[in-house]
Amino acid sequence: MTKVKLPKFLIASVVFYAIIEALFRLEVLNGYILHIINQSLIFVILAASLNLINGITGQFSLGHMGFAGVGAYVSGTLTTIILKLNPTVTSNMGIFVLCLLAGGVAAAFIGFLIGFPSLRLKGDYLAIVTLGFGEIIRTVFNNIDYVGGPRGLLGIPKFSNFTLIFIAAFLLIVIMRNIIQSSHGRAMLSIRENELAADLVGINTTQYKVMAFTIGAFFAGIAGGLLAHLIQLAHPTQFGFIKSVEVLIMIYAGGVGSMTGSIIAAFGLTFLSEGLRIGIRALADATNLPIGGEWRMVIYSLLLIFIMLFRTEGLMGTKESRIIKIEEAD
Amino acid sequence: MGSIFNAQQIVNGLQVGSIYALIALGYTMVYGIVRLINFAHGDFFMIGAYAAYGSFFIFNSMLAGKHGSIAFLVLIVSMLAGGLIAMLANQLAYKPLRYKPKLSSLITAIGVSMFLEYFFSALPMIGPSYRSFPDIIPKVQISLGSATISNYVVIDIVVAAVLMIGLTFLVRKTALGKAMRAVSQDKDAARLMGIDIEKVIGFTFLIGGSFAGAAGLLAGMTYPRIFPYMGIQPGLKAFIAAVLGGIGNIPGAVLGAYIMGLAETFASAYNSLLGEGIAFAILIIVLLVRPRGLLGEKVADKI
Amino acid sequence: MSALLSIKNMTHYFGGLRAVSNFSYDIPQGTIYGLIGPNGSGKTTTFNLITGIYTPTEGKIFFQDKEITGMKPYKIVQTGVARTFQNLRIFSNLTALDNIRIARHFNTRSGLVSSVLRLPSFMNEERQVKKESRELLDLMHLSSRANELAKNLPYGELRRLEIARALATKPKLLLLDEPAAGMNPKEVEELMSLILRIRNEFKVTVFLIEHHMQVVMGICEYLKVIDFGETIAEGLPEAVGKDPKVLEAYLGKRGA
Amino acid sequence: MMLVVKNLKVSYGKIEAIKDVSFEVPDGKIVTLIGANGAGKTTTLRAISGLEKCAAGSIEFDGKNITNMEAHKLVPLGISHVPEGRKIFPTLTVRENLELAGWTLKDKKLIKERMEDVFEVFPRIKERANQLGGTLSGGEQQMLAVGRALVTGGKILLLDEPSMGLAPVLVDEIFHQIVEINKRGMTVLLVEQNAAEALDIADFAYVLEVGYTTISGTAKEIAEDPRVREAYLGV
């Protein structure tokens, strides 16, 4: 009955990894492009983890980057301390993974706490409370001198690299997919579809909402840690409301509920954002006109509006690519 | 803390509360009628401030010295600017999504908000930096018992009060007000009464936006510094005030705004971090304890 | 005959309004018990109170001699009370099969970790759930729709899907809120035999709200009539149908 | 003809709610559309009163093509629609509910007169004039909904499931009032689940099945049609 099927996603991922790695080794890709690929993969983790909360469980969250911030600050602080005690640590990936996990766990804990308001609040109200929580987290970073206050946490060792980020993203997608395509995932989906009905077929909606927030926050925390150790900096403004909105745009542009959509949008929008940055600077240099970097966000926000107006269901709708999906046996 | 200090704090709290109230009313009215948290509402406040700034120099050159008339005209312009941009946002960005899932309009509203902020700071004639706001009316200190207040405090409180009384009359007594209530309760039924609901909704945005615009002028006069992102914080605070009062409920928004104004003034006097965080703390506590806000009615879901 | 569900002096207020006033029920195991009355008389509120959506202002509810007053809805479902809704509440963007599978969820044991790792125990359980869910769809003549999104099903099928979903929780008591609403006489006939079959095959007790007198008189074994939150008559259907108070308040000249 | 509907089609996204519906409503008559839930009865009424957009086909009212006109513009032309579920404004008083129905009328006196008419037809509504709409019972809400339609003063009254959720005793009353309203000169298009009662008071009837008008005739013919008897009358 259980015919062994080729794990399509594993093959696709290995191919992707091999191509990028090879192109980089052959110097077709430069460090800058690889850096953007790394960022895209981090955004894949952020978007797919928000997708679990928002797209699958139907709980609107506007503070997702707050979780990433917790992960970044916690893991960043840990590695910075360890680095001070032992400068050779940068060669020890095991320690880094442990610190990342610690960041993830801390974020998960905050996610667990934030999950509770979701028990009583829905839709807009929940959105606003998660926004409030995100802002509180940011305010706290801003006011703790030990982590640099408004200057941010500087001098974080550079642990993150393509291989590590790739593995993290790969694991995230597999784990998310396996959750979504299980009885637990269906329980979460039922909450999105009709919470009262879910309750009245015996689903402990409380437990699943908190679970979605906790798991989502855990992965956001990992992503935050990876980001901090990639750009060697954790700064309060990186984790504010606007950044949370950028992640939200990704899942809506990709199609709420579709992991495939989140992945495509994370890559597409990260590259677009960089492209705009370069393009606008080039235009300003070429024309000598006072064209500021703000135009990037003007275009970005217009893009968001147009996506909502003309393709409300996003790129993929709720569809999932067959590469990611597990074929169900009867 | 002596009693003088307290009296001063109360006056300051009422002043801040008045500005929050004008903004909060727009949030609450728009939410009441289209169930949308209009994230861009704080930006109409910013637009009102810039419109007041620009028009002041024009009117001042035309009517030099006539402070009363200038102030009145500037008020009208700031209200018109806020109101018209609000109507435009509704027409272009929200109306097409009226019958789509609610969250898509919420996200669009975030988009509109970001657009207005970045567009204004990207425009060369406005730019991202601060501008100092002129004294539209000469500032006078009034001694009131043991506290000293400026005439601006009085203006803020009185202008807000007059506008709010006008609004109450409009909603309670006029046919248009009844139509607004009808549209907020059942859009199909309102259409079947022959009401052009899009006109009524547009009008609601106009009123809400114009109140935010007026608040922009008052805030510009009071804290004489304007910049394209100035709407974010007050917008958020006023929104919280509306939620605190029970979003969709007009008296609730006013009550919530004054509570917020006072709480924030007292908290800031005590500790600056507390002042920064009190609004969110209030929000979270209220929503956890009384999710429908102070005056919000519990609407039983039809099951 | 012991009562499966027993409600003692239940009263419920909404704000100042009394929606349900001093209701007492004893629903014996295995019966089909009907509740009728005009709109707004407190019928659906009664269901909402039994299933834990509201907690009664006064009074107590016992299910299998265990008090369930104030328990969370999902807990009450897990003790064996399932229901359908007057206005369908289907998971419309999920397939018919998934609608059923979700209702089997609380009876599954695989934890999150074994789901993520796809352990054999998890895979077996998934297979089992799928098999049982398909059997239920079969029973409701919905097998051909298993992989169709629920939102694409016609109304009559959705009504059946909702009943199937309620049955998937393996209830002892099934609450049906106007199951015949919107059905034509032919569908109503089918529904009646379906309800009888469900009662006999699944050994469930059925408690139903209905306006359709054909259903009420045709299958109910005991009847209670309420108006303005108060009981105006109860007993065997034939007797209730002739009760002058019922004729006046509810049935009118076309009394059964 | 008061109303002529030709080959009407309405879609919600990809789903076609009605596919091909045609029927006519003569002046001063009661016409009923019967059919199962999901057959497209409500959608048909919503399309006529402008609450839904038509994908194809045409609607002609009083000699004028009104296809895809907006709802609020159709009210002053003379279309009064009492929607499914009554849709009373719950936090407006009964009086305010009726006043709003006069929204398109310039003449304040006319509104007053028509409100008096409503109070005459439905004395129960008069007793409750100052109560909030939401506090009325199901039957009273139905009366108020019809009352509002009378104040808008249309030439045709579209009634969607007036008997839904009402105790049998009230159903009789409502049908009686429909006949009364028709006698006062208003044309009625009635959509009903309760086919027997509807055919009892109607002049003409159409059967709707999965988005198509399939059978038509005088109410008497329809009531005797064996297909209708089996599927909709349960005999």
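Lettered A, B, C and D in written order, each chain numbered from 1.
The criterion applied here is as follows: a contact is a pair of C-beta atoms (placed from the backbone, for glycine too) under 8 Å apart; a residue touches a chain by one contact, two chains touch by 3 or more.
Here the structure is a predicted model, which means the values were calculated and not measured.
*Asks:* Farthest chain from chain C, going by the mean of C-alpha atoms per chain?
*Replies:* B
*Asks:* Which of the two pairs, B-D or A-C, is linked by more C-beta contacts?
*Replies:* Looking at contacts between chains, A-C has the larger number.
*Asks:* Averaging only over C-alpha atoms, locate the centres of chain A and chain C and give their separation in whole Å.
*Replies:* Their C-alpha centroids are separated by 42 Å.
*Asks:* How big is the gap, in whole Å, between where the Cα atoms of chain A centre and where those of chain B centre?
*Replies:* That pair's centroid distance is 34 Å.
*Asks:* Rounded to the nearest whole Å, what is the centre-to-centre distance of chain B and chain C, using the mean of the C-alpha atoms as each centre?
*Replies:* 48
*Asks:* Could you check chain B for residues that touch two or more other chains and list them?
*Replies:* Residues 303 of chain B touch two or more partner chains.
*Asks:* Quick check on chain C: which residues sit in contact with 2+ other chains?
*Replies:* 53, 85, in rising order.
*Asks:* Any idea which chain B residues touch chain D in the complex?
*Replies:* Spelled out, the residues of chain B in touch with chain D are 175, 178-179, 181-182, 185-186, 188-197.
*Asks:* Provide the residue numbers of chain A that touch chain B in the complex, in ascending order.
*Replies:* 60, 117, 120-121, 123-125, 127-129, 131-133, 135-136, 139, 143, 196, 242, 245, 248-249, 252, 290-292, 294-295, 297-298, 300-302, 304-305, 308-309, 312
*Asks:* Within the complex, which stretch of chain A touches chain C?
*Replies:* 2, 175, 178-179, 182-187, 189-190, 193-194, 196-205, 211, 318, 328-330
*Asks:* Which chain B residues qualify as touching chain A in the complex?
*Replies:* 35, 37, 93, 96-97, 100-108, 110-112, 114-115, 118-119, 121-122, 124, 127-128, 236, 239-240, 243, 273, 276-277, 280-281, 283-284, 287-288, 291, 301, 303
*Asks:* Would you tell me which residues of chain C are touching chain A in their complex?
*Replies:* It comes out as residues 51, 53, 72-74, 77-78, 82-83, 85, 89-94, 98, 101-108, 110, 112, 115-118, 122-123, 125-127, 129-130, 165-166, 168-169.
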